[in-house]
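Two complexes follow with chain A in common, the first pairing it with chain B and the second with chain C.
Presenting the complex of A and B:
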């Protein structure tokens, strides 16, 4: 996508005003409306589909498996969350896909509480989550610089939020047995974990507290990743492609359970092959941008999370019996 | 449902009626028959103080008037309701399959259009054996023996005389390739544009070398379809002062089938905003230019950027039209250089910018509701949208559908009592 010089300067002027005017007149902290469902794939632990009105769509599925990690090898090299991106038209080793995989793996594994993935009463058994993300776009505008990170992040949040893990039945039986015998047993013979085949017994990976409004702040949630476009002194959430093209810089701010988490990264959002040297290609970030960006994310993130949580809470088991669409 | 749709088909003989029925079906069906249930999940319920004031001031403003961070809705379910539709179609087919199929009715891809081998198969059809099937979803059109299906949705098909907006994609040999949202790029020949140095001159080789000074890749322009080539590509021209490069505004893309072809496609709208409603669905919203701007040297000073222009400007600072003998060509030169300027008007006020984005959202609203876009409808939607102080509310699906309904209802009422509705 190319903008004409007149369009570009008009957009930039509008966006760098003291009270910026976005091309679709959204507020600085307002997202485009999305259409979302979750738990619609029957064969997965969790799944979600998020659509934007511009036709971009993101389908995410979470599949769990049990892995054995001995305590000696339990270090940073072991990732219990594994992202796999599938973007039609892009090879797995393309810049776009590998950058996305790297970013998501890093953010999610650094900020995930692995204890929630540990199997109860098993020393070295963990759930490993394989998250597959399919991103469908009908525009040719995606490239290394223009990635709808917000949409992908919403989708992975919803999928993880709706993820349910099967109930372990080994330890349930053992509770009734003598504890001593139990200990000897687990030490001597390696027992295989057994799971209940009744899906209604499964538990949510991220349990929702009954009174979601009050306990929101300290509730454990999956990370959300926000991408902000920086234009002059202004920052915008959920930038459209036009906004990205006229932006000076981009800021990736991850958020989890009420806090900003690391790593906060800067990224270049605009790459116009026809842009001349004057088009702000060398503008950096300053301290103001960072504080502004962080406070903006803090302001909106909890609302975004609770809006997405509502989708999970209101999703209906039998909604997709006939058709997923 | 089946009974109402039968009625609709019954009156569909007349073309004009038929379009209305289509629009109504599209718009109202999700509301009434299928129970559009967008279960809203609001990001946050609390209002900020300013927004509360707004809601109080606009008395009937609904809850959506408060700004939300993120709206999440669920897609429409229960598609099985459409079964009742197909039942009614079947009934009609059984009644008189041959006759019915050749009338103005909607066919879907793969649907049998006719089994009469005498008819010629036109666009949008294919044949297996002697039978003709539709390859697109659309209406059947028959001209003598030629049978074709006109698709409901398609890319823009240029016709001679269309006023369109396009974007340069390629600068080639004596021509520009222009993206007009059609099946192929349109062609703008160097010979069909106004050039500085006098419009009546033959284009020289020097002009060919400096083509990028006039129009380069990415530039938006406003032009007319002059002719159609054999392969269906459009040949454009900008040989009029009302055509040329576009500045001072925003481009909005809407489906081309929503633009109603009329005599005039550029209008001034309330709020100091002008619009070029390209037939191809490219709509340009911009600040209404000053009427005197073409010959006034003060605006020229602001917009000048070109070395030629600076040269011109220096000796035309006290220029008034008609005062010198060379005025005709000089006027030509000045206006044409302004046509190719890339600089926006430096004095676009915030109000104009706000109005432009509001109009943009109004257009998006009409296109979301699949309502044909005309000047009066744009103004109507704009009036309704003023109820929302921040036009950013208009991107919410629920708001858009409500406004779309209001527009159609308003027009229905206008049909009953014209004088009363004019005041709206």
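Presenting the complex of A and C:
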């Protein structure tokens, strides 16, 4: 999609005003409405579907498996969260898919509390989460620069938030016969973990009830990733594709539990070789852009997270209504 | 009739086995300790290759980078009023690629990582475990360079043409910081672009700085130097590319580490990376001026 020179300059001018006017009259820190459901896939530990009014849709599923990690290699070469992206029309080794995979793996693995994935009473057993993301777009607008990051990030947040892990039964046995602990301990070394068949016994990976959240306040939530469009001195969250086309630069800012985390990254959102050459492409960022972006994300991220948490909580009540099967 | 072993090829009776003087690989020359506010010395050379329109070679410690620029060359197809700019990065097959994903690469310099470990780590980063396509790290570097250099090249001067940048990493340390590799590659690309004669808005210079939890600043950090300082494990690195003659505009920005970011940290990172970028820019300028005067 290419804007005409007139459209382009009109849009750019209105967005670079001191009080910018966005084409859909949103505020600078306002997101487009999304339609989201959780836990609608019965065969997965957690799942979500997020739809946007422009027809883009993101389906995320979380599947857990148990892996054994020797203590020597822990923290280093093993990543317990593994993202896989599926974007129709893009090869797995294309720049877009490859960069998305790397960014998500990096952000989620670096900011995830691995202790919550550890199996109780097992020394080297961990849950490994395989997260599959399917991004569907009914327009041909998606390209290397139009990164649907916000939508994907919302979707993976919801999927992880709704992820439930099965109850370990080995754990229960221990309470009954804790007389000879040493014996059990040696048994546990060779014993395989056993899980309860009853899905209603499962526990949330991220506890959602308010009482438990106060209990462990340092419990991290899944990270959220925000993409900001920079136009002149203004920054915009959740830019539409038109806004991205007229933008000078983009900023990718990840957020986790109230903090801005690494890696913050600058990017180009508006490479459009056929468009008129405007001065926009030769402009870089400055200190003000970065600090403005960080404050903007700090301001909106907590609200976004609590809104998404609401989706998880309400999805619970009518879990079976959400199922597509 | 000589009934010998017919299955194998046995040499003459008086043959002696080949003797290798030293079959063990030599100890690699490791980084010497440097002060926190110093940058490592580097070697640059342009125009080593004759086939591409421009090329540059850069050497820092064990890291060797070769960049070649092809273009502007004409392309077929519909009319384009701007040049098309493409970047490709490739590590030579035997080069161990640094691990960008690892949580604790900073602390894994305890020298007991075996060859096997290194290979496992390397395989984890390769897309689909296949070597035929670009690895994630290669793609990441390509996109950083692409977005950083896009503002610098005056693409409007070259309609209907393409400018291709090929980055080859000839050697790299596995323990090395990915960001420090990016900064080296980016500076090498600047030189190659100058060598190619393509019109630029400004030469891009890239600096990298690390800030620890106690606000200690380290310019040009690599893994090994600062191992003992970062015992508390909290740090943040930033590689930042500047257009120094265009009001120090930031054209590339990437952070890494485990410290939470706030505005004062950003300011410190920008200032210190800019300090390093300016030193590098000065070196590059002197090199280029010397080259002109020697011609």
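Just so it is clear, the second predicted complex is superposed on the first by the 292 of 325 C-alpha atoms of A that agree within 3 Å, B and C clash if a C-alpha of one lies under 4 Å from a C-alpha of the other, contacts with A are read in each partner's own complex, and residues count from 1 in each chain.
Here, a contact is a pair of C-beta atoms (placed from the backbone, for glycine too) under 8 Å apart; a residue touches a chain by one contact, two chains touch by 3 or more.
Given the structure is predicted, the values throughout are model-derived calculations rather than measurements.
In the superposition on chain A, A:232 makes contact with neither chain B nor chain C. In the superposition on chain A, A:132 makes contact with neither chain B nor chain C. In the overlay built on the shared chain, the residue A:284 is in contact with chain C alone; chain B does not reach it.
Residue contacts after overlaying the shared chain place A:5 against chain B, while chain C stays out of touching range.
Applying the stated contact rule after C-alpha superposition, one finds that A:26 touches chain B and leaves chain C untouched.
Of the two partner chains placed by superposition, only chain C is touched by A:268; chain B is not.
After overlaying the two complexes on the shared chain, residue contacts for A:201 are found with neither chain B nor chain C. Shared contact residues on chain A (touching chain B in one structure, chain C in the other): 274. Interface residues of chain A, counted against chain B in their complex, comprise 2-7, 9-11, 13-14, 17, 19, 21-27, 29-37, 51, 53, 274, 300, 303-304, 306-308, 310-311, 314, 319, 322-323, 325.
Residues 39, 41-44, 67-75, 77, 79-80, 167, 216-220, 245-251, 342-344, 348, 350, 353-354, 357-358, 360-361, 364, 368, 390-392, 394-397 of chain B are the ones that touch chain A when the two sit in their complex.
If you check the complex, the residues on chain A that touch chain C are 73, 75-77, 79, 92-93, 95, 98-99, 101-102, 105-106, 109-110, 251, 259-268, 271, 273-274, 276-277, 281-287, 289-291, 294-295. If you check the complex, the residues on chain C that touch chain A are 80-82, 84, 99-105, 108, 117, 120-121, 124, 127-128, 133-134, 136-137, 139-140, 142-143, 146-147, 150-152, 155-156, 201, 236, 242-243, 246-263, 266-267, 270.
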